[in-house]
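Have a look at these structures, which come just after this line.
Consider the two complexes below, in which chain A is the common component and chain B and chain C are the respective partners.
Up next, the complex of A and B:
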């Protein structure tokens, strides 16, 4: 655990230096990669550790975005709005988890996929509160310059990613993480060994929701205009899963590495193959997952040199 | 003689099928009780009723004086009911040590980390798996996996150990070794309820035997009385066994 923590401290320190590069493009890319990192690390709690293929990331993200946005609309300070979004996602995840985590495998995946659609329709319908399909404008943050604003949101996302990573580390090396691994291996046997499977699964699901909800709220404040199809986009769920699979499911660093790799590929492909970029990206992902089913981190284990997970 | 486990009028239905029907029995503290019966008699279902996997449709299950009829499996496990599976179920992606540490931690109440690992190691040495503690559980042979089940069961700090056909699929030497192990576990003061097909094992281990047939309890008592009970001979041991008995006596 100490080695993981040290490695992470170095990594995060390097990322924190990014604003020195100063360029707006890199700031924007950095903020997005940190946000993706939060989504991927969050999915890892339920999908990687417990083995429940959740597609609820988009639901938590949109819920957080709208909770934060509506809170700010009513004049609450940004920080309070973000915390409120986290709390809302947490409560929602707990209730949703109690209902959905009775299902397994494909059934759970499909049920969790529908949640974002339901929330999107609800937000669409609640025009008075959310602006419905017209979207919602947030107060533009009063800051000295565009640059200062970019730096502020970069560090906000950075803090959130660091928090999510700390939660990952603590969970991995605790009874909770161990219990989730047992559930992933064989849920009935875990139950027989005294694991309160419902409690553990719901805990994992809550962890997979709370940080995503906050990320949604930070995102909303950052772009200061949100609309339902934007924040309840199912691609948020899909991307989180792909990133974790790229990096290595259930591991500590896998989701972060996957997020960085995914964004790198996305940018590269988008720049070079503007018209067919999603197709090319999809193809590359298929190839990677096919030949490295346990993610990039499995390479280091296969060659036995660098062992961050030992 | 106080009973650790008491079943009273226990019935378990699956739709129209009564897999276990009105079973009343008591397992006294410190004894090794054999549960026998032909295939499909409801033995495993009875174990599932006791552990809460398939709660009783009717009747009550009492354990150490408390009603546990509606408890969930993990709650039963924490109260001290450990079971092994007929088809062994290790966490194949974890190491042998981690498998046992999980049992020590979640049911036995050991603290996460060294405490659980140390305790797991003790149990592994006891069952003779100390050497392979750090190997993947998937790499074990069937006989070793059965031993792993014993170690997991012990790590749960059980009052009652339910052994579901732990000897199925083992050769004679392995059965002998397993018998020694069960005796050693019983000598520690753990009450054992064992489902077994091998009569040799049942007769050499058990102080009491209960017999299920079509989900009903047809006999209970001392081993000698059971093998002479005509209903048992007819239902379970068959005519060939009774002829052999007659042959060896005369």
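Up next, the complex of A and C:
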């Protein structure tokens, strides 16, 4: 654990220096990669550790974004709105988890997938509160300059990513992480040996929701205009999964590495092949699943094992 | 009288839903694969019929005959070349794989057909039929009957043909079937081919009723999923019952709560079913 923590401290210190580079484009990319990191690390709690194929990331993200946005609309300060979004996502995840985590496999996957659809419909229909399909404008933060604003949101997302990483680290080396891994390997056996599977699964699900909810709220304040199809986009769920698969599921650094790699690839594809970018994303997913189902980290491990033979 | 009309509309819709869901349910039941591509296959089948009608004047009912072999071949090849490779992997991987393929297919369709909504309008229109106070458009009625015929055909294939019996055997016990000389990989490919065929064949029926766009696939996919859960997994009569129930529920739901809540309503139904009757309305794990 100490080694992981030291490595993470170095990594995060390096990322914190990014604003020195100064350029707005890199600040934007940095903010997005941190947000993706939060989504991937969050999914890892339930999907990577417990092995439950959750597609609820988009639901938590949208819920958080709208909670934060509506709170700000009623005049609450930004920080309070973000915390409120986290709390809302937490309560929602706990209730949803109690109902849905009784399902397994495909049933759980699809049930969690449709939650985002239902929330989107509800937000769309609640025009008075959320603006419905017209979207919702947030107050533009009063800050000295555009650059200061960019730096502010970069560090906000940075703090959230650091928090999520700390939670990952603590969970991995605690009883909770051990219990979740037991559930992944054999839930019935874990249950029989005295692991309170319901409590553990719900805890994992709550962890997978709370930081995503806050990330949604920070995102909403950052872009100061949100609409239902934008923040309840199922691609948020899918990207989180792909990033974790890319980096290696269940590991401490995998999701972060996956997020950075994924953003790099996504940016390259966006820039060069705008018209076919979803197709190329699909192709990446197919290649990844067929040839590297255990993630890119498994590659280094494999080469590590080969070395003595050479 | 309004209620009778709504009920009739719901049943017509339900017949089409049954056809959408039967192939999806088969693939899920036999292969334990959620085929995210299913919705886009339906849309692709719709485009096939649309362009066949606009460019060559081929009636959509006839383009089903083109769709059947074409989509069976696509599905068979896809399973043979890709999905079979990871069929034993955890659920998440097969789901993610078909999702990636779906992104590629829908992106390809946007490039090929643009994102415009298109609807096939028969010229001249077929008119309507009146049963007392209930009025139904003939094209819808015919589409529903054809959908039910296709679903019935799938039922017959599974219960009568040699390959169908092999599919059922593989679903019941893969190892035993393999010991009896069934080539499991080929059966998997044939099953996926049948699923794709049902999707592709229901496309021409739907394009006469709903406008289609390359991004319309997920809506059909969601319906197929709800129907599978309603009727019970991997059974053709289950898909039939589930489809009819969903069609009627959606019709009355639109009347009472407004059409904007149709998705919320059907997904709430889905979650309730999953929690309280996970084996579906027919309540058995069986097959055919």
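In this text, the second predicted complex is superposed on the first by the 303 of 310 C-alpha atoms of A that agree within 3 Å, B and C clash if a C-alpha of one lies under 4 Å from a C-alpha of the other, contacts with A are read in each partner's own complex, and residues count from 1 in each chain.
Criterion: a residue touches a chain if its C-beta (ideal position, glycine included) is under 8 Å from a C-beta of that chain, and two chains touch if they have at least 3 such contacts.
As the structure is a computational prediction, the values presented were derived from the model and not from experiment.
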Ask   = Would chain B and chain C fit next to each other on chain A once aligned, or clash?
value = fit
Task = Look at A:238 in the shared chain and tell me whether it touches chain B only, chain C only, both, or neither; answer first, second, both or neither.
result = second
Message = Per the contact definition in the header, classify A:196: touching chain B only (first), chain C only (second), both, or neither.
response = first
Task = Consider the C-alpha centres of chain B and chain C from the C-alpha centre of chain A, and write down the angle between them to the nearest 10 degrees.
result = 80
Ask   = Of the partners chain B and chain C, which touch A:110 in the superposed model: first, second, both, neither?
value = second
Query = Given the touch rule stated above, what does A:188 touch, chain B (first), chain C (second), both, or neither?
reply = first
Query = After lining up the shared chain so the two structures overlap, which partner does A:118 touch, if you call chain B first and chain C second: first, second, both or neither?
reply = second
First (chain B), second (chain C), both or neither touched by A:279 = second
Inquiry  = By the touch definition at the top of the document, which applies to A:178: first (chain B), second (chain C), both, or neither?
reply    = first
Request  = In the three-chain superposition, say which chain, chain B or chain C, touches more residues of chain A.
outcome  = C
Key: Gap in Å between nearest CA atoms once chain C and chain B share a frame through chain A   = 12
Ask   = Which residues would you name on chain A as touching chain B in one complex and chain C in the other?
value = none
Chain A to chain C touching residues, read off their complex = 47, 51, 53, 99-100, 102-103, 105-107, 109-111, 114, 117-118, 121-122, 124-125, 234, 238, 241-242, 245, 275-279, 281-286, 288-290, 293
Inquiry  = Per the contact definition, I'd like the list of chain B residues that touch chain A in the complex.
reply    = 51, 53, 72-74, 77-78, 83, 85, 89-94, 98, 102-103, 105-108, 112, 152, 156
Task = Can you check the complex and tell me which residues of chain C touch chain A?
result = 28, 32, 34, 82, 85-86, 89-93, 95-97, 99-108, 111, 218, 222, 225, 229, 260-261, 263-264, 267-268, 270-271, 274-275, 278
Key: Contact set on chain A toward chain B in their complex   = 174-175, 178-179, 181-182, 184-186, 188-197
